[in-house]
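All chains are identified by letter, namely A, B, C and D, in their written order; residue positions are counted from 1 within each chain.
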Amino acid sequence: MQRIGVFVCWCGSNIAATVDVEAVANALAMEPGVVISTNYQYMCSQAGQEMIQNAIREHKLTGIVVCSCSPRMHEATFRKTAQQAGLNPYMVEIANIREQCSWVHKDKLTGTEKAIILGRAAIAKVHLNAPLTAGQSPVTKRALVIGGGIAGIQTALDIADAGFEVDIVEKKPTIGGKMSQIDKTFPTLDCAACILTPKMVDVAQNEKIKIYSYSEVEAVKGFVGNFHVTIRKKARYVDETKCTGCGLCTEKCPQKKVPNEFNLGLDTRRAIYIPFAQAIPKVATIDADYCSMLKSGKCGVCSKVCTAGAIDYKQTDQLIEQEYGAIVVATGFNPISMDKFDEFAYSKSPDVVTSLEYERLMNAAGPTGGTLLRPSDKTHPHTIVFVQCVGSRCDSSEKGKSYCSKICCMYTAKHAMLTREKYPDTEVYVFYIDVRTPGKNFDEFYRRAVEDYDVHYVKGMVGKVTPENGKLKVQASDLLGGRQMHIDADMVVLAAAIEPDKSARPLATMLTASMDTNDFFTEAHPKLRPVESPTAGIFLSGACQGPKDIPETVAQAGAAASKVIGLLAKDNLTCNPCVAKSDEMMCNGCSACEKVCPYGAITYMDKEFRGPNRTTLIRRVASVNPAVCQGCGACTVACPSGAMDLQGFSNSQIMAEVDAICK
Amino acid sequence: MREMIKAKAIELLENGTVNRVLGWKAGEFFYDLTPGIFTSREEIEETFEYSVFSAANLSKYLIAESRKEGKIAVFLKPCDSYSFQQLLKEHRIWRDRVYVVGIACDGMCSMDVIRDKGITGVTAVEEDGENLKLTTLYGDKTIAKADALLERCVHCKSRKVVVFDEMIGENGEEIPDSHRFDMVEKLEAMTPEERFAFWRGELSRCIRCNACRNVCPACSCEKCVFDNDKSGIAQKAAASDFEENNFHIIRAFHVASRCTDCGECSRVCPQNIPLHLLNRKFIRDINELYGEYQAGSDMDTKPPLMNFTTDDCEPSVVYERGGKV
Amino acid sequence: MQVNETFTPTIVAFCCNWCSYAGADLSGTNRLNYPANVKIIRIPCSCRLNPMFILRAFQRGADGVILCGCHPGDCHYTTGNYYARRRMTLLFSMLDFLGIEKERTRVEWVSAAEGAKFAATMNEFVDTVTKLGKNKRLEDLRCAK
Amino acid sequence: METKNLTQEVIRISGANPKKCMKCGKCTATCPAFDQMDIHPHQFVDMVINGRLEELLNSRGIYNCLSCFACMERCPRSVEPARLIEAVRMAVVRQKENNHLKPDAIPALLDDELPQQAITSALRKYMK
C-alpha cells in the first residue's frame, strides 16, 4: 500500500484567502493511503521544502501530493525536493488549487470543496505512479541562429566565443538587418555602421561561424539536442567562392529601374546588386524578378563583364540538411504598413515618410547621399513635423497595434536633434502623447533635444495632413495650449509602430514555438525566462520576442547565447521520462501507433513468444525509443488494445483522476 | 460453382501448393455453414460445402493460421478480400503463407430472411438460376434469390476481389451507389430522443456474447481491452445500460477507419442488433468530412483516423450538421 | 425536462499541458471568474484524450466534458491536435447518432495567451450544460450520487 | 439626478467607453468645428470621466458638433467621442425645466407660411 504525504500550501494569502487550507488538509488526511497531511504558509520556501523532506524520511513516504500553485510553476522544485530526500522525483503530484481554484472562485465554501476534490484526484493519481528514471539523449554541439541582424550577430559571436560552431541563416543577401539601415544610434549618437560593421567582419572572420546568406529555414525536425534542419539556399546566380565583390557588374547592368528595398524604395538599383558597401558576404546577387537574362534569356552583360567569371545563370536553390543542438530565433521586426493611415496622406504625398525612410534620407549612404532633401522636389525642407505613436497604442483594431513600440520616442528625438544641428534654419515640431525615455541617459538626451536644439515638442496629435500645391497642410491639436495648430510643413515623418517580421509565423509553426496574438514569440516566462521559448531548445533573441532597442537587443542576444552555451556544454540531456511504452504481450504489431507518431519514435521487431503446448510464436511487436519519444500520447489512443501506454499519464492514472473528480 | 471450388481445393492440395485448405463445412444446420480446415482429399469431398449460405468471412482465421507451418489456401468472396487486405496492411497475416483463391459472388442468402418471408421448416435449398427451390416440411416452394439476400448483399458495395492469387469466376467491380447508408440517413433524420430510444431498444438486447467481436476481422487484438482488467473498462457482462452502450461505442471507435463494412457483426448477432449501422455511421462521416475512403481497398493509403490535413473541419461541425434538435 | 435550480453540473475539462493549461492558469492570474464545478485534468496533449476517458467521466456522473487544446498549428508536438480534432469530431458525431445531447461534449482551442477566452468558454459551457440538466442518457445508475 | 448616476446614464446612453481614452488629442485635432466649440472633444471625454456634467449640460458647444464622426473614425482607442456628445445632448433634452421655447410662446411667433413640420421639429430640437 502506498504511504502518501499531503502538503497543502497557503501561498501566503493567495490560496488561504478563498480556500480553508485547514479543512482541506483534514479532509485529505482521511483518504486511503495518506499517512500525513499538513499545511504551511509557503510550501515552496526553504522551510516548506525541509518540512516535506523530513516528512518523507520520518514517515518513509512512497509518494507525495502538494496542493499548491500550478505544476508549471513548482513541479520541478518539488520533484527536486523529493529527490534530495531519497524519493523518486516522479512520485510527486501537484494539485493546482491556486490558479485553477482559489484565484477563480470567490466563495470560500465552494473553493474549499473544489480544492479537496482536486486533492483527491492528485492522490488517486499518485497511487498509480511508478518510479521513473529520466533517460539520456546526446546533444549535437552546434547551434543555429535564424536571422542575421544585430541580435543574430551578437548571439552567434557569443556562442562561437565559447567554442561552439554556429550557423547563421539570413534571408537577405547580407547580414546586418535593420541596424545596417540606421544612420546614428541613440543615446550616444555614434554611427550605426561604425559599431555594426566591425562585428559583421568578426562574424565573417570567425571560423566557428558559417553564414548562409540569401537562405531560409525550410523544415525543422527533431527536438532539443537533436534538431534536424533543412536550409533552402536560394539561388543568387553568383558563385560566392569566385565573386570578389568588385561591383563592376552592378554598374554595367542595363536593368536600372529596380526599387531598392535597402533604401525602402526611395531610389533604384540594378537587377544585379550588392545591398550596401559593407555587405557581408560582399557578393553580388541577381534579382530573378527583374533580370532580363533570367526572364527572357536576352542579356548576359554581367557575365561578360565579370572578370572572376562568377556569374552562373544555371544556379538553382540548394537544400542543405544540418544537425543542431539548439536554435535561436532572431528574426527581428519591420515597421507596419502605413496604407491604413490615410489621414496622414502617406500614400498621396512622397514627402510623408516613415522614420526608417527618414533615417535613410539622413544616412550618407542613403538615396540623397546624406543631405536631407524632400523626396518630391529634392529641395531643402524648412518645416518638418514628426508624428508619434502612428499605429501604436491603438485598441488592437484592425489597423493598429495595441502595444507601445518603445523605440520611437528615442529615435524621433534623435532625428529632431540631428536635423536641427545640421540644418539650424529648419523648424521641427514633434507631436507626442507621452515621451517615453526610460533608459540610461535617455531622458537627458531628450531634454538636450528640447533645450539645446529647441525642438518644438507639442503635447497633442496631428489630425490630418492635406498635400496642397507642394506644401503639407498639417492640422493638429495642442492640448496644453488649448488650440488647434495649422502648420504648412515641408515634410511629415510618421513614427510607425513596429511588428514582427512576417517570416516569423511559418517559422513558429515549424519550431512548434507559440506566438502571442501580435505574432511576437511567446517566452517561457515573461519575468523569469525571457529568452527561452516554452519549446525546449528554442531560444529568442531580439525584437522577435517584443519591441526592443539596440542596447536591450544586444543584452538579450548575450542572454540567449549564454542559455545556448549552457545547453551545448552538456554532453547529453536528461530527457523526459514520461514517454510511451508498449506492453509486448498485448501488442498486435498493427503499426497504428507508428503512423501517428510525430517523431518516428516507434520501430518494429519480430520477437519470439512462448505459444501453446511448447511452441514458439514469432510476433511483430512495437518498441518505443525513449530518447526520441516526447510523450504526446497520440499512439496510446491509436492503439485499440491499450498495449501502448504513457508513463506518468497512464490510462489507469487518468481514469483514476476522472473517478476521483466525479465521485 | 460448388463443384469448381471443391475441384480447385483438391487440385491445390494434390499438387502440393498448399498443405491445407480453409473453406466451409456444414454446421449445426445445412444453412449454417461454419469455416473448416481440410487437410486431405477425402475430407474435402465429404465435408467441404459451398452454397448460398457460405457468408462467413474467412480472412480473420488467417491471422493465426498464417503463422503455422506450410501454406494454406483460402476462398475469399469480394467483401472478404477487403478484410484480408486490411489485415495484410496491418501486418497481421503473413502473405507468403497464404494462397488466395478469389470467388465471384452475386450475393449470399440468410435463413432468417427466408423465414421472415413466411417460409418455415426448410430442409434443403437448391439454387437454380435466378431463384431458389426450397424443399420444406410443408411442400416445395420457390422464391426469387434476390428476396432471400442478406442485408449487406442487398446493399453490396463491391463485387471486386481486391487481392487474389487465382480467380474462380468473373471478377466484378465496385458498386458506387449501393444505398448502404440509407438506414443511417433515416436514423440521422430522427430527433435525438427518437434516436436514443431506438438505440436503447436495440442495445438493451445485447447479451455480451462477444460474437460480433470474435468474428470481426478488424477487432482482432491479442488481448481485448474489455478482457484486460488493468485497462479500467474490463467487463464481461453488461451490468448497467451504460455498459451496454459503452461496449459498442468503444468497439465502433476502435474499428473506425479500419472497418471494411463486411457486415459479419450484424449477420452473426444472435439478437439481430443492426451493429453494422454504427460502423457505417463512422464510414459515412469519414467519407463526408475527410473524403471517400474504403478500408482495405489498397495497401498504402493511411486510414483517415491515423491521418490529418491542416484544414480539417472543427468538431463544432457536429452541432451545425447534426440531426434535428 | 424540469431543471431544479439547485442543480450544479459536474464538468470535467481535459486541458493540454502546453497551451490550454497555461491559458487556464492565466485566467487564474487575471482573477477571472468561472464556476467551481469545472475541474481540470492535465494531459500532455489533446491527442492523449482517449474516448474511454470521456465515457468514463459520463459514467461516473459528469454532466459535461470539454477538451481544451492548442490552436491547430501551435501544438507543442506539431501534429497532436490535428489527430485530436478528427477523433473528437467522429466521436461527437457518434454520440449524437446514439441520441446523446451533443452540447454535453465540446472541443475548444485555447492558447497560453487567451486567459479571458478560457474563462468565458467555461462560463458559457457550464450554462449550456446547466440548461440541459442532469446527464441521464449516459449515466451509470450504480455511480449515481 | 445627482452627478454620479447621471454620468453613468450618459455613458450608458452613449454606449462608448470614455475610460479607454489615452488623452492623445487626435479627436480635437481632426475636429472641423474646433473654433466654434467652447469645450473640445478631448476635454469633453475627460469631463465625462470626471463627472463634470453641469458644465457640459450648460455648454453651448455641444450643439455646434456637426456629427461628422471624424473623431470617431480616427480615434486610435475607439473611444467614439461623438457618441458621448450625442448622449449629453440627449441628457439635456431629458431634463425637466429651463426650456427656451415655451409652448405658450409659440402662437406669437407663428406665421402662416411656416410649414407644420418646422414647428414640431423646433419644439423637439430647440425646446431646451
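Here is the rule we use: contacts are C-beta pairs under 8 Å (C-beta built on N, C-alpha and C of every residue); 3 or more make two chains touch, one makes a residue touch a chain.
Computed from a predicted model, the values in this text were never measured in an experiment.
Any chain bridging chain A and chain D, meaning touching each of them, is missing here; the list is empty. Set against the C-alpha centre of chain A, every other chain centre is closer than that of B.
Summed over C-beta pairs in contact, the chain pair with the top total is A-C.
Taking the mean of the C-alpha atoms as each chain's centre, chain A and chain B sit 54 Å apart. In terms of their C-alpha centroids, the spacing between chain C and chain D amounts to 49 Å. The mean-CA centres of chain B and chain D are about 78 angstrom from one another, to the nearest whole unit. Taking the mean of the C-alpha atoms as each chain's centre, chain B and chain C sit 36 Å apart. Multi-chain contact residues of chain D (touching two or more other chains): none found. Listed for chain B are residues 225, 232, 305-307, each touching two or more other chains. In chain C, the residues that touch at least two other chains are 51-52, 56, 73, 79, 83, 87. Applying the touch criterion to all chain pairs gives A-B, A-C, A-D, B-C. Across the interface of their complex, chain C is touched by residues 70-72, 96, 98-101, 103-107, 110-111, 113-114, 117-118, 121, 508-509, 512, 514-517, 522, 534-535, 578, 596, 598-599, 630-634, 636-638, 646, 649, 651, 654-655, 657-659, 661-663 of chain A.
Against chain D, in their complex, chain A makes its touches with residues 343, 389, 393-395, 397, 400, 433, 459-464, 475-479, 482, 484. Residues 67, 90-92, 219-225, 228, 230-232, 254-255, 302-303, 305-307 of chain B are the ones touching chain A in the complex. Taken together, the chain B residues at the contact with chain C in this complex read 184, 187-188, 192-200, 225, 232-233, 239-243, 245-246, 249-250, 252-253, 256, 278, 281-282, 285-286, 289-290, 304-310, 312-319, 322-323. In the complex of the two chains, the chain D residues touching chain A come out as 20, 22-26, 28-31, 34-35, 40, 42, 70, 74, 76-78.
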